[in-house]
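As written, the chains take the letters A, B, C and D, and residue 1 is the first residue of each chain.
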Amino acid sequence: MQQTFRLIIDCPDQIGLVAAVSEFLAQQQATILEANHHSDRQLGRFFMRHEIMADTVNLDKQALEQAFAPIAERFNMRWRITDSLQKQRVALLASHESHCLNDLLHRWHSGELACDIPCIIANHPQMKQFADWYKVPFHWVDFKNQDKTAAFKEIATLLEAYNIDLTVLARFMQILPDTLCEQLAGRAINIHHSFLPSFAGAKPYQQAYERGVKLIGATCHYVTQDLDEGPIIEQEVIRISHSDTAADMVRKGKNCETTALAAGVRYHLEDRVIIHQNKTVVFA
Amino acid sequence: MQQTFRLIIDCPDQIGLVAAVSEFLAQQQATILEANHHSDRQLGRFFMRHEIMADTVNLDKQALEQAFAPIAERFNMRWRITDSLQKQRVALLASHESHCLNDLLHRWHSGELACDIPCIIANHPQMKQFADWYKVPFHWVDFKNQDKTAAFKEIATLLEAYNIDLTVLARFMQILPDTLCEQLAGRAINIHHSFLPSFAGAKPYQQAYERGVKLIGATCHYVTQDLDEGPIIEQEVIRISHSDTAADMVRKGKNCETTALAAGVRYHLEDRVIIHQNKTVVFA
Amino acid sequence: MQQTFRLIIDCPDQIGLVAAVSEFLAQQQATILEANHHSDRQLGRFFMRHEIMADTVNLDKQALEQAFAPIAERFNMRWRITDSLQKQRVALLASHESHCLNDLLHRWHSGELACDIPCIIANHPQMKQFADWYKVPFHWVDFKNQDKTAAFKEIATLLEAYNIDLTVLARFMQILPDTLCEQLAGRAINIHHSFLPSFAGAKPYQQAYERGVKLIGATCHYVTQDLDEGPIIEQEVIRISHSDTAADMVRKGKNCETTALAAGVRYHLEDRVIIHQNKTVVFA
Amino acid sequence: MQQTFRLIIDCPDQIGLVAAVSEFLAQQQATILEANHHSDRQLGRFFMRHEIMADTVNLDKQALEQAFAPIAERFNMRWRITDSLQKQRVALLASHESHCLNDLLHRWHSGELACDIPCIIANHPQMKQFADWYKVPFHWVDFKNQDKTAAFKEIATLLEAYNIDLTVLARFMQILPDTLCEQLAGRAINIHHSFLPSFAGAKPYQQAYERGVKLIGATCHYVTQDLDEGPIIEQEVIRISHSDTAADMVRKGKNCETTALAAGVRYHLEDRVIIHQNKTVVFA
């Protein structure tokens, strides 16, 4: 995989902003692989992502950051430069449903998700078999024989010990405590098995059955203290009919869940998502 | 168009039920064009629709009803037989948005919707031009210079005078009073511009913008006293992104609205929908 | 509607290109509403569209063109600047199927398609009623009592007399002669009722029925001398099953046709499409 | 899982047919879980599937078959009764792409696909790791150091030795010889990575890139001697744009491939597919 640098920016919209950034990149002789802009007229805010070939610039990442800093300051930017070769460290949190876990692990293993997965944490021991096959350390956190505070403290300790950049709740069926949500703000992704805001909370398929909707879906979003209310990254839906039983809905929904979660995680890992307030700009 | 009879049944699920109905149809020498069954195991209820070629049976509709009545009684059926040539009389209620009105009128005019449209009722006078072109009587009901009770009384009187079978709210932006909802139960169809239950109530696109969803949609449902809570017939969604402005969402949403409403109305006119409790079985 | 200028560019990919363009726009004090870039690495070609608020720059369109010309020359650009208030003149060509004609006219009438429609040309007289209602001059070209060469000469004359910018074949069922294709290159849009390249040529729904596909669709593309082989702008598909008759497929397909054609025409009118070789870049 | 019997029928359409079948089922006191009918008016052929609860009838499968045989003969039926507990034996054929293999194995392991998988056969040794984890015997057939005839003879021998009911080509990149196609007629399912009939043959994504289509897809079909021309069971598509590189298309296409193949295999295993001529009726 070729090395790229990604320059991610958001700031108040101003004239001269794009010119300054592209002038800077041209001066570095950067070959631009992908450039995306978005101007939110309602907010007066500008969002921008550049992906450039690292070997076309003469500076390393740190020097590039130093060179760019004055521009960032001038335009009051929230910004970062990332290096595609510095893989993020991702922890997968799972419970007893294995479809998302299996799907993410396979995509990672086949190179679709460019990250490291230093650990899997689960509240059910049987997920260990997946971890073992992929040779990923597995941690079973017991949610039955200790209280939740203790269990989540275990998890927080693990995330810190493994130096985790991104926590993915791959159908992890426990609600994260507020302190952990805060700590992981913008760095924890969940998959909810409905097209939010419909059927938030528990048992969305049962809710969908009862309401008689003709579509079910899944929502990949950042975890926040407000349950199922975090910034949405991706959503998928699928058509159902009266003839779909609860079991059919679960089966069909799983396809939505795996697809939406995998897409959301990939967007995050490739620095394609910018969170602003409670929404996302996704340069897909 | 060839004449068909449609036999629509729902009843408690019982052994021998299908045999009795199909034996009856075979005795009449009926050629079955389409047969649909659905057994809701959770409710223990059976739903069935047959469409048969009228000229293959020796009885007319009334005689057929008489012949079938004993079977219906034996199995405690809710049932009806309809004749495809006896077109339903449909009233279109509109406001100032013309896309659904235009779409339904065109589908009707081109023969896709087999019904009569004896009148259009609107709370904005400019819809008259559509009515005129299609040579449909137009009634402007003034919602500004009289109170709503009076306005809705006018509407109710018109629906009765025209002997209306089905009332379609084609983006009619007034909330029907409870008495009218009751009167039209199962015979009034609305289009809501969101994928319900998300964003019920007013301004769903603004709600969608604020929540940052990645999909918008439309829901075609029967009108009930509980606003936006009636049995859903059809739903459509379309993908959006951060780059879609409010205007883009309205434009994209309109495609969902016209498609979902036209489908829902067609299903109803072809007797493909069976309402049970607050849900529908749609033999699409 | 606010006035905007659109700057559309494609050229060999080069470092400094984006910087030069955005520097130029910043110098004009242009407020950028929308900016889109695409670099085709395989072709080494760059595509770019800017939409700017006209009243934020001090120059009129002509002066802006003069000011930009040296940059265009330096980077060997194929380029143009368009003014959103200078509406394109669109001719609709129709036959006996009215769904696309009705749909485009309604979108135009309701302001969704920003263009002028100075004429409708059809080979069936009954489309006149649509033209009349929308107060658009209607020309019936007789394809039965004269040979095709003469008929197409009539059409070419009309297109020239009306000073047409874009010709839309809204289910116009005649094959344009090569000379007309050449003349209208990049300025004539067709809708084909299949997801090309599947089922090119005549009777795509019959072909789809015979092959037993589970999806049907429609393709909006530029007209070229190679029938059904021109650059694709937009495609839509819809799921079908064994239970869909030929008539069902036609009905479902029509929804795809109207949606794909309306989208394609809008993209063209808003200068969102750049044709390169036999493909399109669409900044949707 | 509860035991069910499935009665699958196709025959010339005749009056009295449904009555005879449902009368028979009622006499057996069968509780019908699901019933599907399809009458192809163009062919004059009738297709039917019943799924009944085994413990509600007093006969075992063999006795049921004997009791039904006279009816089948009377109506000249092609028919079979299957027992949901007699799982089909499925062989997975794979090459070096693991996404379909991984997906099918996981669905099987988690109970979504009710079958036995007695062996995996591949022309690349590295798939062994998947087989090992799932504890499925793995056979590497060498296509490099022996000629194809010998290699396919090995495969045919394995399929026979394992007493295989269904052979699934999970991105197995070798073309089956005619004799094997014949032998496995109606019992071998392939996944092709395009929405057939578009881009049949090799490198469909490259073909799609060159043609500039706006949708890519996948097709699950029965294997026949006419390459990529067999009866289609399921198709999936996904939207692409000019910005999708070949790698993006491969990634997006994989989601279509896994979904379509898994659905097609499930339909087959649940006896939901009836092949007639070169098409399928799928009671999904």
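Keep this in mind: contacts are C-beta pairs under 8 Å (C-beta built on N, C-alpha and C of every residue); 3 or more make two chains touch, one makes a residue touch a chain.
If you want to know which protein each chain is, UniProt gives these names: A, B, C, D = Formyltetrahydrofolate deformylase.
All values derive from a computational prediction rather than experimental measurement.
Distance from chain A peaks, on a Cα-centroid basis, for B. A count of C-beta contacts for the chain pairs A-D and A-C puts A-C on top.
The angle of the rotation carrying chain C onto chain D, fitted on C-alpha atoms and rounded to the nearest 5, is 180°.
Centre-to-centre spacing of chain A and chain B amounts to 41 Å, using the average Cα coordinate of each chain.
In terms of their C-alpha centroids, the spacing between chain A and chain C amounts to 37 Å. Residue numbers of chain D whose C-beta contacts span two or more other chains: 34, 41, 243. Contacts between chains leave no pair untouched here, as each chain touches all the others.
Chain D makes touch with chain C in their complex at residues 38, 40-41, 47, 195-199, 211-215, 217, 231-235, 237, 241-243, 245, 278-282, 284. Residues 15-16, 18-19, 22-23, 25-26, 29-37, 39, 41, 239 of chain B touch chain D in their complex.
Those residues of chain C lying in contact with chain B across their complex are 34, 98-99, 102-103, 106, 110, 112, 129, 133, 243, 251, 255, 259.
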